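Two complexes are shown next, each including subunit A; its partner changes from subunit B in the first to subunit C in the second.
On to the complex of A and B.
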């Protein structure tokens, strides 16, 4: 009973915050400045902001209308530079999943190796420490130059940025499996492969999934920036293209969409995390 | 020019002596005398069809007398209809009209969303590429460095570049040295200096000390023209002001945010700043140098030599599009074709003001200048020499420069001449010319003296 009422009250507070914010936004942008005295022929050549002193910032209603127009037709394709928001999102998600999947293939086995062997942990540590703080976008020019393909380059950038959190968390999770459990396994004469899969993997899984969750968040952050840089397709390109047109309405729309997709990706991994967690 | 003769004409004279009607001493005299002499006809389509028909008729009736008798008996039009059912003359003519077979039909051409790229962009929606049998995708690109890298990567077969870029790439300035070519200039004029509204009383460049300016790229006409203009006013562009390179789409946002005081930028950026009430047009680049080149159509030397026919067809499409864009009466139609989100993604009225030259200046006046932007494909080698002198003047290149040699290698004037003739334009007969920038005459034969004559320089 108490639980549901808390949830209800939180919902009401959230909603009122949204309403207050929306209202403040609406009032903030609707105040039009003094209308300029202009020759009508000249005014025809000028934009709304210059003529009516209308704020360059769109109101919440404009944004809602824009979102609706995108939702009505998310998959249109009018040439290589003008595709629906659904198609752009599909490109971005595809790139993220591809780069992320490749990173997983590399990070999990390598993390296991580092976690299980103190020698490898020490030997690889300096490389990881230097590479980890590098902004993934700093790899872009190098990737473009060596890979010679902008689409693969952005997948590579996703790969490199999702690699480190997964690698480090896997190594940490594997190395901090409780000694008693390993000793029990040794007493029962469990082979190394079986030990890795039946003892270490379940024990380290919550830490590994946490690393994966951090990674997907970073990957989604980075793809938008990478696509803005390289262009062509994807939600990042969409933002850039609308910025180019100074269409703040579309930019806000895509901010909301990017946030929504990021949340869905994060929640998906949160479910995985709940599935692999165990009480001690 | 016997192959252009009507093969269905049974009166055509077969012997090589005299002419076909027997009244003239030679075939040439006959052609000159008869008004319907097809050799003199400029109608290329008709000429092509005639040569196909000729080949077909001669193949079907190799003996002259037989062919003649056949035509006499059935008549020319019946003969044509009969032959046409056996052999698709129209289809064969189409094949011939496309010239040599294209090595590659699906091409990608990169562009930056600015009006300088008008011929490259409009050629897609208005069918200039498909007329040459090419299937060209024009791809919008985020900035000059990206377009350069994507072209060097061969993701793009050819691209819209700033005219100094192929020179810089060929010489290895700012990138690896890769032989590059610039077969056509896109546009002349069409840039402007725009200042933030707060500077509307500072119209004298001498008062611009400490300003922050934006130009699209280091290797751009914009950079060289702005530097030239400032230096003429006595300001040192390296120490008295700050010049940054900012991609054109970000310029208006930066001007609004007060990050910069002004820019020398391609359109529609200038007009967009006016449209949004952020800035005003101080002067058109035309007032600095009337007829200056700006953007270019560029391709790697490798593309030109590996796919000569494709290259030729592509260049022909661009030159024909340029010829179409030159006519002022077509400008409104072009503005509507290139304004949608797939291309420039700007309000049509902004593009229209740029292309028609009837524009709001941002200070309440309507100005008219039909030559605000113009299109002229001819890559004058002297343009290249001028650009090289400015690169050297501002320290981008050092040491001895083979001005004429580099200009000749990169600016492919001969191809442009040939294709301009085919497109119905009149190409100039020379490849160099003298011109003046802000009243100072430039002689392409004396580049070093030209650099030495400036008081502000980095050499």
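On to the complex of A and C.
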């Protein structure tokens, strides 16, 4: 009872914040009427900002209308510079999932190796420590030069930025599996492969998934910047292209959409995290 | 041969000390356990009891000497020797059934799933947990968790059961019930058991023989005490047995004072390979607590 009422109250507060914000936005950008009389020809040249005192910033209703138009037709394709927001998103999500998946294929086995072997942990530590703080975009020129394909280069950048959190968390999770659980496996004469899958993996899974959740967040942050840089397709390119078109409405729309997709990706991994967690 | 089913022959274990030197936990220890015998080891913390058990389980190896089971030196862990851990060590992501089944399918990899489940359920029932098969360890009380640990160890039908202070983390009531059940199950199946404890009453109630360790480092087996109580004993009646206080006083006296002083006053006829075997006898007077209370029988 208390729980639902708290939820309800929080919902009401959220909604009021949204309304107040929307109203302030609306009032802030709406014009104050015709500023001054001027020659109609001159007024045409000056645009609405000068004529009606209207801000160049779109209002919330403009954005809503834009979102509606995108929703009506998300996948249209009218040439390289005019594709629906759905297509652009699909490109971005595809690149993120590809780069992220490749990073998983490398980080999980390598993390296992580092976690299980103190020698490898020490030997690889300096490389990881130096590579980890490098902004993934710094890899972009090198990727473009060697791969010679802008789309694959952005996938590579996603790969690099997703790698470290997964690698470090997997290694940490594996190395901190409780000794007593390993001893149980040893006294039961469980072989190394079966031990890895039945004891180490489930014991380390919550830590590994935490790393995966950090990675997907970073990957989604980085893809926008990477696509702005390489251009062509993708939501990052879309934002930059709309900025060049001076369509602030579309820029704001993209911000909302990027946030929404990021939230969905994060929630998906939160679900995985709940599935593999265990109370002690 | 059966008198030396398990034979500990001159084992020594040293650990690297933080200052770079070596600490000898215990040195040149000899004792034997017969088939079907229940042996407890008593000693203060730091005398290497757990290390002895780890060597018997194969989780640790001695620096010198050997632990021999059934004519073969222990070289690593084996399914013939099941361990009940002090901290129960259940896998928290598996259910009760899953934990026991994991051990069974390790023991008999070729068994079908239904065979494994049937065996698991049988042992879960044996420790009185019928109905809790689908629960996760986090949903169980400490005593129930340890019951699962016992079921897991017994379900693989080991030749030897090794227990490392299995009841020390439990409250007194639960401890009593679990002692009763372990005793009943071990008597029924003629299980050979080696158990570590520092609870004197637990040792008297459960053990046929009690191995006394002096304080570490460089701990040694001071003597082996034979339990004068009959094999059939009742927890509520044993204190009426004429020899009960003799053995109890003997053990407490050892833990309180002789475990410290034993090494400085080693008897002339002491032989590390054959630690003296003592059988405490009932005394006319209630409290003459010294080592004269026991009569040497070997």
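The working rule: the second predicted complex is superposed on the first by the 274 of 280 C-alpha atoms of A that agree within 3 Å, B and C clash if a C-alpha of one lies under 4 Å from a C-alpha of the other, contacts with A are read in each partner's own complex, and residues count from 1 in each chain.
Everything that follows uses one rule, which is that a residue touches a chain if its C-beta (ideal position, glycine included) is under 8 Å from a C-beta of that chain, and two chains touch if they have at least 3 such contacts.
Treat the numbers as computed from the prediction; the structure is a model and nothing was measured.
Quick one: subunit B and subunit C on subunit A, clash or fit?
fit
Please name the chain, subunit B or subunit C, that touches the greater number of residues in subunit A.
Ranking subunit B and subunit C by residues of subunit A touched puts B first.
Contact-wise, after the overlay, does A:98 reach subunit B, subunit C, both or neither (first, second, both, neither)?
Neither partner.
Quick check on the superposed pair: does A:229 touch subunit B, subunit C, both, or neither? Answer first, second, both or neither.
Only subunit B is touched by A:229; subunit C is not.
Just checking: does A:279 make contact with subunit B only, subunit C only, both, or neither of them? Give me first, second, both or neither.
Only subunit C; A:279 stays clear of subunit B.
Rounding in steps of 10 degrees, give the angle subunit B-subunit A-subunit C taken between C-alpha centres.
Taking subunit A as the apex, subunit B and subunit C sit 150 degrees apart.
Mind working out whether A:186 is in touch with subunit B, subunit C, both or neither, as first, second, both or neither?
It touches subunit C, and subunit B stays clear.
With the two structures laid over each other on chain A, which partner does A:199 touch: subunit B (first), subunit C (second), both, or neither?
It touches subunit C, and subunit B stays clear.
Which value, in Å, gives the least CA distance between subunit B and subunit C in the superposed three-chain arrangement?
51
Pick out the shared contact residues on subunit A: the ones touching subunit B in one complex and subunit C in the other.
Subunit A residues touching both partners: none found.
Touching residues of subunit C toward subunit A in the complex: what are they?
For subunit C paired with subunit A, touching residues are 57-59, 76-79, 81-83, 85, 87, 89, 91-93, 102-103, 106-107, 136-138, 156.
Taking the touch rule as given, give the residues of subunit B at its contact with subunit A in the complex, in rising order.
113, 137-142, 146, 149-150, 153-155, 249-250, 252-253, 256, 272, 274-277, 340-343, 345-347, 349, 353, 359-360, 364-366
Using the touch definition up top, name the residues of subunit A that touch subunit B in the complex.
Interface residues on the subunit A side: 38-39, 41-42, 44-47, 49-50, 56, 78-82, 141, 144-145, 148-150, 228-232, 237, 240-246.
How about subunit A: which of its residues touch subunit C in the complex?
Residues in contact with subunit C: 180-181, 183-184, 186-190, 198-199, 202-203, 278-280.
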